[in-house]
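Structures are listed in the sections that come next.
Look for subunit A in each of the two complexes below; its partner is subunit B in the first and subunit C in the second.
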Partner chain A sequence: MSHPESVSPMTQMFEEFDLTTEHAQHFFGIDLRPLNKLLAQLPLPFDISVNKAVVVLWLAALLSFGLIFYAGRGRGLVAKGLRNAIEALFQFVKTDIVEDNMGHEGRKWLPFIGGLFFFILFSNLLGLIPGSFSPTSNINVTATLAILVFFSIIIQGMIKQGGFGFWKNLAPSGLPAWLYIIMYPLEFVSLLAKPFSLAVRLFANLLAGHIVILSLLSLGILAGSWLVKPVPVFAATVMYGFEIFVAFIQAYIFAILTALYIGTAIHPEH
Partner chain B sequence: MIALQSNLIFWTIVSFGLLVLLLGKFGVGPLVQVLEARERRIRESIEQAEHARLEAERLLKEYEEKLAEARAEAQKFIAEGKQLGENLRAEIKAKADEEVKLMIAKAEDQINRDVEQAIKELRTEVGDLSVTLAAKVIEKELDKAAHEQLIESYLSEVGRLS
Partner chain C sequence: MEINLAHLGAGLAMGLGALGPGIGIGILAGKALEGMARQPEASATIRTSMFIGLAFAEAIALYSFVMAILLFTK
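And now, the complex of A and B:
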């Protein structure tokens, strides 16, 4: 690492969370700064510089596509090993997430929902590798995904129920007229709350997990006696295991809620 | 930590957008086909097994029916045979009885005839003997025809006594 001897281990650990420093422009020894110099030449009104979170995003997308592509190329009826694992996960997304919540029309959303699930899952999991970074623990990433979901809901709803029908169907029909004055603002807020909760839930869960591990390891550093030091380290190890579980569960929650929201836009009567 | 980072937003859209595009074009279709092919295959196998089971059950039932039929038929044959034997026995016995009766009657007839014959012979003999005896006693030859009457009456008396 490019740190002088004087930097304390605590500072080094905290730096792992910061994407604004020079340190974030290294990914397992690969220096991203030359690439960023190149990207800076592009005439764009906003910053598109690459840091380790971005590299993990690329890897997550690559892994998601690569594994699904690989599993789809499999020959023979009996799947084994990695192919079997990918097929099982994909089958789960297909039946339990997409078909259960969106019906048969959900088929065309399978790339989107499946992409979300695997992309978030691998972002979460890759972030668990020490020295890597969870892009999903950053609100910018989760909010972007949530906004994409938000637009998907609106577009699918307007296609299915008509440009006016979708907004009209926000509130259930058959209520006294004066109630709609309350209902429409309420339903509109509820519509906005959907992507907001998606974004915050994912980002907060991932970040919280990392912060807990960080705190526990900090305790280990701060503990004076070597007799006490193993205790927080052991706790951090347990937390690590739990984070693997969280990685799966959060990807699942994001995907199934998206399927549910878009499914509701397809079948407003439910 | 919570700040607008346009590079993350940009790269999220690019990575995820490309991922969804590629999945839609090349990734999801083949995998869904693989999964559905397997599902279909499994369903067909189960259906086939079910079909085979039903067929086997049907055959078993058929065989059992046939077996029962054959058993009933055998039973019938045995009963018929028994009846036939019984009839035959009765017939033979009746015939034998008849024959025995006939034989007895014949024998009785023969005996009667024999007795009659014997009586006739005896009669002649006794007649002759009495004539000879009388001749010897009275030393005079009796006229055979004149004394036939006498002998007859005597003999009938003897017959009654016996």
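And now, the complex of A and C:
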């Protein structure tokens, strides 16, 4: 960390995750403030200023598009190298996530869920580069993705089961009439809880992982003796390896839960 | 030294909030391993369901983590 040692590392900790500071308007030494001054000229009702999280989002979008495009253009039966890796991941998304949970009719959702998977995966992994920022550790990014999933569930459900049928099928049929007064509000809340838990799970997992690494490194700064300093750094390195695993797991969980939720909208339980 | 009770609350929220999901994930992983040992051919299905269950159990701890962050930055 470039901050002076007189400032407590713990108070510095949360400033690293604050995207409103001037520090957040730099990305690997590139000053984004001139660009933001230009963007402020645009007559828009909302703020579109760019910070480091937005730059990583662009990179993640470019990477997920570029790599799949590159792998898709490959010719020949035998895939090698990078194309092989992307094909294996995509095959995993196709069979294990989409087809297992959504059935044959879910195939048309493969681009959406595959896109979500690769975009979240690259956002998570790019955030692990020291000096970078994980956009998925911000609630705004994950909430946007979760809202997309929420409307996908509702629209797919209303197409498949009819505009009225989807809302009717929220509660199981064949119950005593008075029970529906309790069931419908409950099921409606559980419908709203799905995107909420998706958003909070992804953002809190990433944020927690990054805070753990930062806390361990802060312990290294706090330690008085050079004999002790390597210990927290070693622990932080172990956690860093674990974070790579978490990046994959969280992308997988987001994609598979999306597939499950949309899959239940296609095949409602009776 | 000034004592900030919000920081104490943040620590308690995280610690107590991790207790239940910790037990839950332990039971979940244990049962999943048991199932895989009994029926190795069903490993793939069990692992998938385990990760989904894990995500739901973990989310509860993460809610308390968010509350702890809100209390800590207060």
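In this text, the second predicted complex is superposed on the first by the 254 of 270 C-alpha atoms of A that agree within 3 Å, B and C clash if a C-alpha of one lies under 4 Å from a C-alpha of the other, contacts with A are read in each partner's own complex, and residues count from 1 in each chain.
The working rule: contacts are C-beta pairs under 8 Å (C-beta built on N, C-alpha and C of every residue); 3 or more make two chains touch, one makes a residue touch a chain.
The model shown is predicted, which means the values in this text are computed figures rather than measured ones.
Because the two structures share subunit A, they can be overlaid on it, and in that overlay subunit B and subunit C fit beside each other without clashing. By the touch criterion defined above, A:Ile256 reaches subunit C but does not reach subunit B. By the touch criterion defined above, A:Gln91 lies against subunit B but remains apart from subunit C after alignment on the C-alpha atoms of chain A. Once the two complexes are overlaid on the shared chain, A:Ser197 sits against subunit C while remaining clear of subunit B. Contacts of A:Leu110 after superposition on the shared chain: subunit B is touched, whereas subunit C is not. Of the two partner chains placed by superposition, only subunit B is touched by A:Ser64; subunit C is not. More residues of subunit A are touched by B (comparison of subunit B with subunit C). By the touch criterion defined above, A:Asn124 reaches neither subunit B nor subunit C.
By the touch criterion defined above, A:Asp100 lies against subunit C but remains apart from subunit B after alignment on the C-alpha atoms of chain A. Using the contact criterion defined above for the overlaid structures, shared-chain residue A:Ala208 touches subunit C, although it does not reach subunit B. Minimum C-alpha separation, subunit B to subunit C, in the superposed model: 8 Å. Taken together, the two structures place residues 207 of subunit A in contact with subunit B in one case and with subunit C in the other.
Residues 17-19, 46-51, 53-54, 57-58, 60-61, 64-65, 68-69, 71-74, 77, 87, 90-91, 94, 110-112, 114-116, 118-119, 135, 138-141, 143-145, 148, 207 of subunit A are the ones touching subunit B in the complex.
Contact residues on subunit A toward subunit C in their complex (touch as defined above): 14, 96, 100, 197, 200-201, 204-205, 207-208, 249, 252-253, 256-257, 260.
For subunit C in complex with subunit A, the residues that touch the partner chain are 48, 51-52, 54-56, 58-59, 62-63, 65-66, 69, 72-73.
The touching residues of subunit B, counted against subunit A in their complex, run 1-2, 4-13, 15-16, 18-20, 22-24, 26-35, 37-38, 41.
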